[in-house]
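Read from first to last, the chains carry the letters A, B, C and D; within each, the first residue is number 1.
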């Protein structure tokens, strides 16, 4: 037996799912209602998690002896000086710390995972016993190199050399096509997932009811020109 | 000290010191306390960002209050937003983020709308493909052909009609797809290094509006 | 839009309103879930291998079972999870289930209940503690798993329902990762599979079977080729093939039909758009 | 994706140097080399020797988009994506987006187009607010800057939904979608296109580029978003950054081709790269 609160939640979830899909028709009050609920809920969610995070990662260390964490709280508080124009410039200090720490971590990580590891993965053997593997490896090397060369900014290739960046461009386009085509499957599965939720035996009759209600409301709205049809 | 120094120059000095410190402590053998400090700086960043979220939330509340106060078009929706926002914060205050009520809002308001919104990408991808995938140029023909082959490779009907599509799809994913994205990843890493270097050296003034 | 007199059929199919496209797609993706449309489905080698390994587990053996489903991945992985439990119960294989994601245990319980319901009379003979054990949520991701596989009783002494492990017959000879005949891994997009490969297959050589969401599938094919995992199922498609092998058409088959019809819709739209475009270009050249 | 395939470099132990953490030597060397090249080219730029850059078609499109919006009297949207500032690997794309944002704000102030910058990113919200405000201030049109609306924070995924609906509602005429975007990319680009906007879109999250490239009028691919700030900058020095990046690309090509040749000769430099 499902408890009433959970059941109510599932009904609301079903209604909101259908209301959100109505967004596909264009901007209208039904979709706006769902939008405003989501804006309130996610902003509140993020804000509350932020409060808890400040408590856990900023205040708790101070309380347990790592007193220098008080700096993070002070820096964080300096953000609020933006509320008044004459003190707004104080926000630059905490922002500088965020940027500095972020770029430091990003740069030191990128050189390994996005640069050296990629190079290492492209140095491939061309003399394996399997001929097919050799051809594939050779293709992999050529295509990776041309795709890298495509991005060169400060040199324009001339004459027969234009073929290099052009092949790189084709490689990139093929990669885009592959990503496009294969992503579709996953995105379709998401719709199927929502469909399965709406069709769960305990709520399916309500789903149908909500669907009819929403369609009726929209039909009336469009008919009476209260909602514009683009 | 002139105004320009502490308003515009000192923040860039802070950015430089923090950035260089975080990078150097990673590469050089330093006492564990110091490398721990570099880790703490990242936490500081997250704490500061959390304060930023609170500030942003205040701004959003102010925006909606102004809408409601001036009775702008559709101001009634702002009431809804504010009620849900207040309810979320209140349930958090009462029972923390692991509390039953807070999770109820998360599970039955956030997740369904969010998941549905995510799934609408399926519709938009389809209509975008219909609108833009035309045999206009050689470039668009390549992209479209590869995309169609990929679709056939995951579609059961496509596999039955053309059994080779499964292997072709695998090959495309394995060779041209990885090669293209690998070349791009190398470029992105270098771009990141470039912009990072400029930011840390204070040659990217926009980041601190100077 | 009042200009329709001047428009030819070719113009019309090149300029279909997006809401019509959306409508077709919605029908294609949700319709098969309501009315079952059995479409032919070729079974790939991956799934056959997975199925055959499950069939080869001897009766009475104990398998480990990691379940990492969440609300988002349940539609894709849930059907196969139920299917695997049906297969295990049918073959009288015992299973020990743990989760490294806090919200997952309930999905495991659901799948077991579904499996027992489907098995009918045979299901009624199965008993908790004898045929399956749920250890519940294990914190600490890879470190937690390492500790658990080194000695289950050092990490926890009671199962999810508060019963002492030593009172459960299925746990009698089980304490480390070596004691499982095999480990089955149902991972969402958490990417936890490498933990299992390192900490269970790598340390003890225990064979592993893996089910992942379709977007993660390509990442794990290499492990299969290297023999680190013995069977791999990707998303609803894999589950549908598994259903075909088990001769039970269920949710996964319906989902796969939906995906196939969705593919038909997008290919048809591409075709219409291009026919119209090429026709327009031909006329402009004249 | 790569993290699955390769163990982290620190796992490899090739002797210990007292000074540098083992497994990070080659990383440090390449980092130093690339940064040094950038500095060198920036120095050269100071002396007036600027590298000639290949044309990026999208640069000329910025004024076109804003100008069109002014003519139509409809708003311009600038979307920063979802690269949170406290997540180091997502942040750089967002930061790269600030220079174009400033440029767009200047253009909007100059041509009196209505600008709207809704964002879900906390610290980026503060930075973009100050950027846009100062652009309007410099143009002497601070009255056109609405302090509650022009730059707006909307928390979490609510922002996605808000942007989709309001792009429709306001019949957006131009959108700039630049930053770190995931599934939002196709939503924004397609709804913007349907609302009749002229769009410029670019991101560095590889698997979402195809959607922006196909649905936007002008696409910015991967690394190009990091180059934007240098292209748009009035200061000539940043172009040195791009020349330095190119040296990095040449280094990568040399390592790949040289490494493969050496591998043919029986010498595996892949082990050296993990030093």
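Operating definition for what follows: contacts are C-beta pairs under 8 Å (C-beta built on N, C-alpha and C of every residue); 3 or more make two chains touch, one makes a residue touch a chain.
This is a predicted model, so every value here is computed, not measured.
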| item | value |
| --- | --- |
| Among all chain pairs, the one with the most C-beta contacts | A-B |
| Distance-to-centre winner among chains (Cα means, whole assembly as reference) | A |
| Centroid comparison with chain B (C-alpha atoms), farthest chain | C |
| Euclidean distance of C-alpha centroids - chain A vs chain B, Å | 5 |
| Chain A and chain D: spacing of chain centres that average the CA atoms, whole Å | 15 |
| Gap in Å, rounded to a whole number, between the CA centres of chain D and chain C | 36 |
| CA centroid of chain B to CA centroid of chain C, Å | 28 |
| Shared-contact residues (touching 2 or more other chains) in chain A | 20-21, 23-24, 32, 34-35, 38-47, 50, 79, 82, 94-95, 98-99, 101-108, 110-111, 114-115, 118-119, 121-122, 144-145, 148-149, 151, 172, 176-177, 179-180, 183-185, 188, 191, 193, 197 |
| Per-residue multi-chain contacts in chain D, two or more chains | 5, 24, 27, 31, 85-86, 88, 92, 95, 122-123, 126-127, 130, 154-157, 161, 194, 206-207, 209-211, 214, 221-224, 227, 242, 245, 248-249, 252 |
| Sites on chain C at which at least two other chains make contact | 18, 22, 25-26, 29, 72, 214, 259, 262-263, 266 |
| Chain A-facing residues of chain D, complex | 2-3, 5-6, 8-9, 24, 26-27, 30-31, 51-54, 85-89, 91-92, 95, 120, 122-123, 126-127, 129-130, 154-159, 161-162, 164-166, 168-169, 206-207, 209-211, 213-214, 221-224, 227, 239, 242-243, 245-246, 248-250, 252-253, 255-257, 259-260, 263-264, 269-270, 273-274 |
| List of chain A residues in touch with chain C within their complex | 21, 24-25, 183-186, 188-189, 191-193, 195-199 |
| For the chain A and chain B complex, residues of the former touching the latter | 5, 9-10, 12-14, 16-17, 20-21, 23-24, 32-54, 57-58, 68-69, 71-73, 75-77, 79-80, 82-83, 89, 92-108, 110-111, 114-115, 118-119, 121-122, 136, 139-140, 143-151, 168-185, 187-188, 190-191, 193-194, 197 |
| Complex contacts: residues of chain C adjacent to chain B | 16, 18, 21-22, 25-26, 29, 39-42, 44, 71-72, 214, 218, 237, 256, 259-260, 262-267, 269-270, 272-274, 277-278 |
| Complex contacts: residues of chain B adjacent to chain A | 7-8, 10-12, 14-23, 26-27, 38, 40-55, 57-58, 60, 74, 77-78, 80-89, 92-93, 96-97, 102, 104-123, 125-126, 129, 139, 142-151, 153-154, 169, 171-190, 192-193, 196-197, 199-200, 207-209 |
